[in-house]
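Shared between the two complexes below is chain A, which has chain B as its partner in the first and chain C in the second.
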Partner chain A sequence: MASSDAEGLSIPIDDYETLLSTTDVELLKRAWRNEKAAPDILRFETDLIGRIREQIQLMEETAEEKSAAGVDPLSLSLYQMDLDRAQFLLRSYLRIRIQKIEKFVFHIAKTEELWNKLSREEKNFARRCTEDLKQHLEDSVLSKLPENYQSFQKQSVISEEDDMIPEAQLDTFVVCRSKEYLTGIQLEDGPVDDRSMLFEMEPGVLYFICYKSIKALVESGKIDLL
Partner chain B sequence: MAGQSDPHFSLFSAEELEFVAEDDMVEIVPNLKMDALNLISGDFGPFVPQIATQVPLWLAVALKKRGKCSIRPPEWMSVDNLTQVVEAERESQEMSEKLPFHYVEISRLLFDHARDDIPNVYMVRSLIEDIRDVRFHKVRTDLEAFNGRTIAVKIKNLSAMEVNIVRPFIRRALQAFCKHDSPELIPEPERVADKRPQVVNNAPRRQLRR
Partner chain C sequence: MYGRKACQLVKELASGEKGQLTPFNSDLFEQVVAECTQHHLELQALIRKMQEEGLDVQTTRNAEHHGALIHHLSLVRNKRCLMAYVYNRAETIQSLLWKIGHVLPQEIEEKLCHPEVEYFKKHSAALKSYMSKMQLDLTVDMVPPKDPYIQVRVLDDIGDGIVLSDDKTANFARHSMHFLKRTDAEQFISRGLMEELTG
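This part shows the complex of A and B:
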């Protein structure tokens, strides 16, 4: 069974070649899967999403022209299906991100590193979301509590940290697959005496592993989440 | 927060897995003439009667549903190959590498939409079911070998559907091991002798009443 590149059973492919033979939809699918499987928000794929949007728009126009020109309904419906698939991926990708932003909005807003991973539109959304949520919490509950308990960030004034802000749990376990042979991965979250142990990953093999230890590799595109 | 309590929001649904599997390529023999399709997901065709061509599974199924092609089942779906796989799966604790990542979804789609194109369809179907059962059983026995030392689990050739099924369990199990191993949670011996209630760092500070 010849499977596509991203699904490749364990064939290491030259990067350049992968680049040539990989369509943007394939890249979007990878981004979508990573975003779905990662506990925290990943960097917004600005260029890729821009290209996909253009392609979808172009294809919509082509489909309209074809329909006006009376092209046979079968091929028209196939173009439409292809369009629907690309749009599904795009929407799903954007929605997962919005879900994450809503969930962790206060934490994202106060952490510069995370904030910079959002797109311009997402930043606008997050700003409005922060304001509304804060307003809502204050109006409905916080303003009715004693003065010491009125912060939306802290349980009470004696809390040293902002302990009422939900943030993504990075020590959760994820399923991943590496494209190349990787060595020297530090497993920070193992049992105490194993912490110094370095971990290696073979290409194409699936691993259940703590997200924290491979976060950087996911971000650099060396590892895919599943 | 309301409406966001779904703990599985990052998991893939069966439909989503099927969606992904539908991008795998399959060979079809069209019975119509149609120009090449220049789609977002790639260029396919041109389609000429009786000339085999490679298309993604979704396209194959769409044409098949309209009676415009027959689908050539992939090589791994032959009775010969599947019989070998069943034997290999039964003999070894390792997962066979002869099946594609999406074998469950692909075979399911072909059974649903292209039964008449699969030689010995009943045999093929029951072989695939056997393979599934054997493999699930193996994964399950693998999981029994988990212990507190497990910091990562490596599984060769596990398929997409199998990953999805064992994921919630493995994730929670590993997390639990991690949590119980963490040094902050291991009580110091003298305190235990005291039998005083432990105040634990990560525990909720205040129990909210309902």
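This part shows the complex of A and C:
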């Protein structure tokens, strides 16, 4: 469908596709897909979400105006559907992130790199979450244990590191696709002998790969998760 | 045998259906806590004995040391089991918020222990405060939308005068059928007060 539209507008297909893939809705879709597939939390798309919220508000206002002006119901319903889809993407994106925060809140709260990926509101939520869960664990279990065993982060005072904190599994496998030719990807799984081999990626081809190996490339936006 | 009760506790968790809660087993839970206290007493007794004999607690490797080590490890294991029990239940409680909303039905509340009910309330408040900051209700729109309107049947008397998002009020008498905005209907569906009519 994209190609026939493009002919009508006499824009070269390549340009048209890049144009299409850089609209905010497409960007949100991409962010949403990545967030959904990534085992750990990604950087919050502050600017994008701000723009999307403005657009949604604008669309809502237009929808109201249209319904007040008595535009024909079909076009209004189509408009409403489009709005609903955008709303769903936004809600789902925020929801996935909140659920990741719920799951790994202790780990996120103590790892600065992850903490800085949250939005201001998410940080507030995470702070309350940590506080509440900690309180709950203390009330239910920790306060009843002997003194040296009361930390929620450590098994006992002799543990050297925090060994009671659940964190995201980064060595799971994800499906991904690169937009450009990438080379020199270091594999971080499999037998040790193979790890020195560098892996390359063709654009547009689907790969099934260990998330750890491509984490940095996902964060820099070179690779999309599916 | 040390650690058996804690193991039972975790098994109870593992054998339950995912996302479902079983009643909080406070009886077994307290027994495991008591076992922890007992381990700690014996651990201290053994260390005291070593100190009385003038041995260096850090380096001596005698029978008392190994005994104490067993007690320490059993205690740590029990702690992990207790924490796993409470933590996993807390995760289920979090997921309940998404599934059934901010009001706990009576039959679920009965299965929770007191701190868990408190936790549910606090977590619900935290989530609500996030959503009001974002001015967005995240508990609706759980599935991708197909049609903005859906056909529903009311299963229970919800009453009249319910204000919908387009500022109209509706009378949701039992068994009546309505054509509603999906976002309006979802909250009632998740509480089991309405069902979607398909086909």
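Keep in mind that, in the parts below, the second predicted complex is superposed on the first by the 206 of 226 C-alpha atoms of A that agree within 3 Å, B and C clash if a C-alpha of one lies under 4 Å from a C-alpha of the other, contacts with A are read in each partner's own complex, and residues count from 1 in each chain.
Methods note: a contact is a pair of C-beta atoms (placed from the backbone, for glycine too) under 8 Å apart; a residue touches a chain by one contact, two chains touch by 3 or more.
If you're wondering where the values come from, they're calculated on a predicted model, not measured in any experiment.
A.B. asks: Which partner chains sit in contact with A:172 here, chain B, chain C, both or neither? Use first/second/both/neither.
C.D. replies: first
A.B. asks: Tell me the contact category for A:103 with respect to chain B and chain C: first, second, both or neither.
C.D. replies: Both partners, chain B and chain C.
A.B. asks: State whether A:125 touches chain B only (first), chain C only (second), both chains, or neither.
C.D. replies: So A:125 only meets chain C here.
A.B. asks: By the touch definition at the top of the document, which applies to A:207: first (chain B), second (chain C), both, or neither?
C.D. replies: first
A.B. asks: According to the stated criteria, A:80 is in contact with first (chain B), second (chain C), both, or neither; which is it?
C.D. replies: A:80: touches chain C, not chain B.
A.B. asks: State whether chain B or chain C is in contact with more residues of chain A in the superposed arrangement.
C.D. replies: Between chain B and chain C, B touches the greater number of residues in chain A.
A.B. asks: Once the complexes are superposed, what residues of chain A are shared between the chain B interface and the chain C interface?
C.D. replies: 77, 81, 85, 88, 99, 102-103, 155, 166
A.B. asks: So in the complex, the part of chain B that touches chain A is made up of which residues?
C.D. replies: Contacts found on chain B: 1, 4, 9-12, 19-20, 23-25, 32, 34-35, 37, 39-42, 54, 58-59, 62-63, 66, 68, 74-76, 97, 100-102, 106, 148-149, 151-156, 158, 160, 163, 167, 170-171, 174-175, 177-178, 181, 183, 205-206.
A.B. asks: Which of the residues in chain A end up touching chain C in this complex?
C.D. replies: 77, 80-81, 84-85, 87-88, 90-92, 94-95, 98-99, 102-103, 121-122, 124-125, 128-129, 132-133, 135-137, 139-141, 144-146, 149, 152, 155-156, 164, 166
A.B. asks: Which chain A residues qualify as touching chain B in the complex?
C.D. replies: 1-4, 7, 9-10, 23-26, 29, 33, 36-39, 52, 55-56, 59, 72, 74-75, 77-79, 81-83, 85-86, 88, 96, 99, 102-103, 155, 163, 166, 171-175, 187, 189-192, 194, 197, 199, 205-210, 226
A.B. asks: Sort out for me which residues of chain C touch chain A in the complex.
C.D. replies: 33, 36-37, 40, 72, 75-76, 79-80, 82-83, 86-87, 90-91, 94, 98, 113, 115-116, 118-119, 122-123, 125-127, 129-130, 133-134, 136-138, 140-141, 144-145, 147-148, 182-183
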